[in-house]
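Structures for review follow.
Across the two complexes that follow, chain A remains constant while its partner is chain B and subsequently chain C.
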Partner chain A sequence: MTHVLDAPVVLAPRRRLGLRLPIAPWLYLAPALAVIGVWIYWPLVEAFILSFYQWNMLPTSTPRPVGLANYENLLTLPEMRIAVRNTVLYIAGLLPLSVVLPLAVAIVTQDLAGPLRNLYRSLIFVPMIVAPIVAAVLWRWLLAERNGLVNQALAALGFSDVAFLRDPDVALWTLVWITGWKLIGFSTLLLSAANASISPAYVEAARMDGATRWQIVRDIRLPLLSPTILLLTMMTILFGAQWSFVYINALTGGGPLKSTTNVFYLMWEYGFQSLSAGWSATAGVLTFAAFGLIALVCLTLMKRMAVYDE
Partner chain B sequence: MLRRTLLTLALAGTLLAPLPAAADMAAEITEPVTITFYSYNLASAGLGKETTLGLVNDFMAENPLVTVEPVAAPSNEILSRVQADIVAGQQPDVAQLVFRDLIYAAHDLGAQPLEDLTGDELTRHSEGMVDNGLELGRVDGKTYGLAYTFSTPVLFINDDIFRAAGLDPKTPPKTWAEVKDAGRTIQEKTGKYGFFPGAFGPIDGTFVYQSLVMSNGGRVRQGNTLTFADGDAADAVAMLRDLRDSGAYADIDVASHMDTFAAGDLGMFLFTSAVASRFEKAAAGNFEMSVARMPSFGAKPTAPTNSGSALFILSRDPVKQRAAWELMKFLTSRHAYTEITSKIGYLPLRLDIVDDPAYLKPWVDAHPMILPNLEQLKNLTANVAFPGPNYRQVENMMKDAAAEAVLGSEDPYAVLKAAQERAQPLMPAAD
Partner chain C sequence: MTSDRWPLARLAVHGTMIVLAFVAIFPVYWMVVSSLKGDGDIYSSRLWPEHVTFEHYAYVLDAIPMLGILWNTTLMASATMLAQVLTGLLAAYALTRWRFRGSSLVHGLVALSWLVPFQVTMIPNYVLATRLGLLDSLAGLVVPNAAAAFAVLVLYNGMRGFPKEVVEAARMDGAGHWRILWQIVVPNLKAPLAALAVLAFISAWNEYFWPLLLIRRMDNAVVQIGLQMFMTQEGNQWGAMMAAATLSSLPILAVYMLLHRHVIDSFMRAGLR
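Presenting the complex of A and B:
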């Protein structure tokens, strides 16, 4: 009996505490949450709403609700199909340049002696700090038909001119190369850092067991580098196509014959070239949904596949 | 709730924006006033910018109460710039816009119809101006844009390449059939490029494309119905495709067509006469250049359309409107056209100054290359702008389809037809 009577007396202060305690952390978080809300989630919601309207962004015109028409339109437009296919090609083309090549460079330069190693690495890093638009102009000159250095070199080797930016079959790969060329330095830097932090004890132990260089790379370095490799892979998949935007804009404008356009360039074209805010928002929402899903898959895979040195 | 918030925001925007002009333009300026002038000539390097700034300064010297603030933006960005500034609450006063934005400027940007604003002042000012030119700025019978700087497509010819191919540059091709023959001869005998039309690609060439379509008797639209894939319009595009398949058409990067001609690698180049002075400089000492009228489809008369721009009054303030109108009158005066034609290379919209020794005659005598262009002014045909909120999207789809029809490998008629069917729903309902 007393037990029952006592119970509420004991519980009451606990409940009051339970209400009071969580306020403080939320208060600390409030400024950050407000900023994220105002600058990220609110625009996201607005873009979602805008995707059901037709509007040319003028304050003098009222957005006109069009229901699902924007989605129907975009999903049936051949240029959207081409853009999606190209986006996949960009990502697939970038992966060797942003992951495989830097990995090889990082592992090979690891074995080089001191000053030489730094020289190689800084040389590889230089493209990263060149302004993208400068890189675009530079490559336009290098790849020019007839008089460009690259074509002159090809001619000297007995090959015929390559229309790097004019041939629809080549243009996309030209832009993939330029985008990747900018990224190699960054990826190499990350992978070299990860490689350097692998404890030498493992390598020593493996050597004593008689492991060859290749065996050390395959069984020790690669597994321990896997978190960084997976991170770079995920970044390339999620952002690779966006990184090529500057070069598309400066070099091809999505052409020739739409062969170099991708969903991000298309979004920009709708928004700022043809002033169709609704179309642009719709493309944005579709891309967001698709890449959101891909990001989830990537994160799950990363958790499963990465090996951590604990 | 969210939807309502957005609509409220949009509505608030509508209310905050200045209402359509009801007030009359001021009769004169009695106090200092500042107006903005959005111009893409100001964004070009060299003479285009210097000449325009010079004219603005001349105007301010004559009208000490008016200060003009020049705002420069490239031609493909000027509309976005004007629009962004309207959104930001900085109402532009005078803007130089290209003709593709004409209907949009009149219906959505709130450009003022000059007849309503200035009354018979417009009639008096436009005396001596080319009628065809004035017609270009009209929407539904009212003048929203006053024709300003423009030019027509002409055929630039590299005389040296012609002679090397055994052709006579003094009798340039007059029809498309002759262009095809000449182009193939050049390709076969000299290894240089034959012919290229500046109709597609990142440098806007829609006026070249529309000139071709209309010279063949086609139209890109009839009212709100798209017709760019129909009959004569599609035949004009198919003609270019035939040129390409025959080898007469230069296989070059569409973004570098001007460089290719300037480098002396291209025999014939159909493009705006506004680049004539640039080519003259490039050709000097390298090759001999001449200019001919645009070729025709057999015996059909050509319909050269304009590239270029008109001036629009966007101001809502009566005093600023007066200042804006005075600036517009000054920029389209005899003095201004003498400067614009002789220094930048655009056409004079006042033909009476061509034979006037006080104005343009000495310059025309020294630069006979302007003559084919002047002759074409007589059959100048208005570049067709698209109506409705999706006008740019529709125009892009048409341009992309035309480019694909010429440069791609599929049947040109089928490509155009498919694009037209996709674009038609984006046009305003048929009238």
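Presenting the complex of A and C:
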């Protein structure tokens, strides 16, 4: 029980008792590891195994091994191609809302002070705590055809109705907007906080050297904000398409004409609507592998690109 | 800065923030206002109801067990929060207090588990929950979320900065690890613990996917699923829909109004790591 961090004494009794395993740390870790092991890692292994089987999820039927057939099918399926393309569109569409716009706002409002600042902060953060299904319901009402407020406003301006959720060209962007609406406030606050923590001495020194406002932003603020910018970008890339799942499921069901589906929705459809568990698992394994690779690249880039104020 | 000398820039800054705040808050405002409008009034773009009416609320409370659903959600979110804080505390303590074979592997596996999308593991999870008889139960919602990578990592970061000398001194006095954790470490972790509790509660409250798989009956529903079921049933009954949405947001909005500065701080503290 003397395995306190950095204490060299630890080695002596251990050697004498042979391979004595330290039990205490594992006892403390057990609850968390049990939950994560049973509900995340073991299912991950099972999903991988399941990807080589065909199974309709009925408890009475046994999964049938099919080798690599699921992979071959999925990789040639047009449905999968659409889903992958849409996943990329979701992420690309979210980045301006979760990174670019908040960054601009954070820089423009850097010297906002006083009680108004707290009021703004509290208000722009509200969408973050609103439940996703509530966001889905209230945007469905705002964007409703004919009677929705947005279409009424468009009519007043002389435009015709937009079928925000039924037009294949618009539906995906509608869902991107709803997903992004929940994120803008969070990103803005995070970037503002990072911006506010940049030492005024740098800015002052640059100004003494005759730097313009834009040069200060480009050469001082952006590099020093890079860890936060990269973090938000990485989170959007890794989780953006997952965040839109609830809106797809509650508002469009992947339609019209598959225009709003993405890989995460496809897995759900295969698993719980068409009951082809093998396909769902295969799509899951492929998605996880792809995003794992992306995460690796992101982390490497982050280490290389981020500038820290030492 | 320039804007102090140049009022127009100051105006532009406030203008930007007002637009942003409007975009953020107006949909929520419109939800509440619509829920208070009568059927004759609901399709008008009037920003305030002609006659305030609670008929939609009465309808919702009558049509679905809304209060039971809110109670279920409160229970589920509180239990999830407590479990995550507890398992997180124990795991973070083990990872910061001892250096043992495999500790960095454990840390890595915990962090990595955050990256596994739920849709990838949903079928095995669903099968397991069915076998354990957790289908359509609140316990089934809590158990798989009883530990979270996020909780472990937040508390790990909080504990890492804790001075070793204090722990050493306590050990000299003969305190065991259990006592050190609860009497010395925990009281000094108030800020990250509060932040984590707020975050865990809100994210459990807003959890959608797992309840979608598990919950079948309205009586056992949590707000996310109750609302989803209501939406499929009532279609375009906008007044009733907005009343249901407002009711299911009230508790969380009330918490936010009371603790908004604290909630924001917790989200940022978590995000900044």
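Criterion: the second predicted complex is superposed on the first by the 271 of 310 C-alpha atoms of A that agree within 3 Å, B and C clash if a C-alpha of one lies under 4 Å from a C-alpha of the other, contacts with A are read in each partner's own complex, and residues count from 1 in each chain.
Going forward, a contact is a pair of C-beta atoms (placed from the backbone, for glycine too) under 8 Å apart; a residue touches a chain by one contact, two chains touch by 3 or more.
Values in this document were obtained by computation on a predicted structure and should not be read as measured data.
S.K.: Can you tell me whether chain B or chain C touches more residues on chain A?
M.R.: Between chain B and chain C, the winner on chain A residue contacts is C.
S.K.: Please work out whether A:W139 is in contact with chain B alone, chain C alone, both, or neither, and reply first, second, both or neither.
M.R.: Second partner only, chain C.
S.K.: Touching A:M57 in the superposition: chain B (first), chain C (second), both, neither?
M.R.: both
S.K.: For A:F272, decide between first (touching chain B), second (touching chain C), both and neither.
M.R.: In the superposition, A:F272 touches chain B and chain C alike.
S.K.: Looking at the overlay, does A:E46 come into contact with chain B only (first), chain C only (second), both, or neither?
M.R.: both
S.K.: Taking the contacts chain A makes with chain B in one complex and with chain C in the other, which residues are shared?
M.R.: Chain A residues touching both partners: 46, 50, 57, 59, 144, 272.
S.K.: Quick one: in the complex, what on chain A touches chain B?
M.R.: For this pair, the touching residues of chain A are 45-46, 49-50, 54-64, 77-79, 144-146, 163, 165-166, 252-253, 255-258, 269-270, 272-276, 279.
S.K.: Name, in rising order, each residue of chain C that touches chain A in their complex.
M.R.: Touching chain A from chain C are residues 1-4, 12-14, 16-18, 20-21, 23-25, 27-28, 30-31, 34, 43, 45, 86-88, 90-91, 93-101, 103, 106, 109-110, 113, 115-125, 127-128, 130, 143-147, 149, 152, 164, 167-168, 171, 177, 202, 205-206, 208-209, 212-213, 223-224, 227-228, 231, 236, 238, 241-242, 244-245, 248-249, 252-253, 256, 260-261, 263-264, 267-268, 271-272.
S.K.: Can you name the residues of chain A that touch chain C in the complex?
M.R.: Checking each residue of chain A against chain C gives 1, 3-6, 21-22, 24-36, 38-44, 46-47, 50, 57, 59, 105, 108-112, 116, 118-135, 137-142, 144, 147, 149, 152-153, 181, 184-186, 188-190, 193-194, 213, 228, 231, 238, 242, 245-246, 249-250, 264, 267-268, 271-272, 277, 280-281, 284-285, 287-288, 291-292, 295.
S.K.: In the complex, go through chain B and note every residue touching chain A.
M.R.: Per the stated touch rule, the residues are 2-3, 6-7, 10-11, 13-14, 16-17, 79-80, 83, 86-87, 108-110, 201-202, 251-256, 265, 389-390, 392-393, 395-396, 400, 403-404, 407-408, 418, 422.
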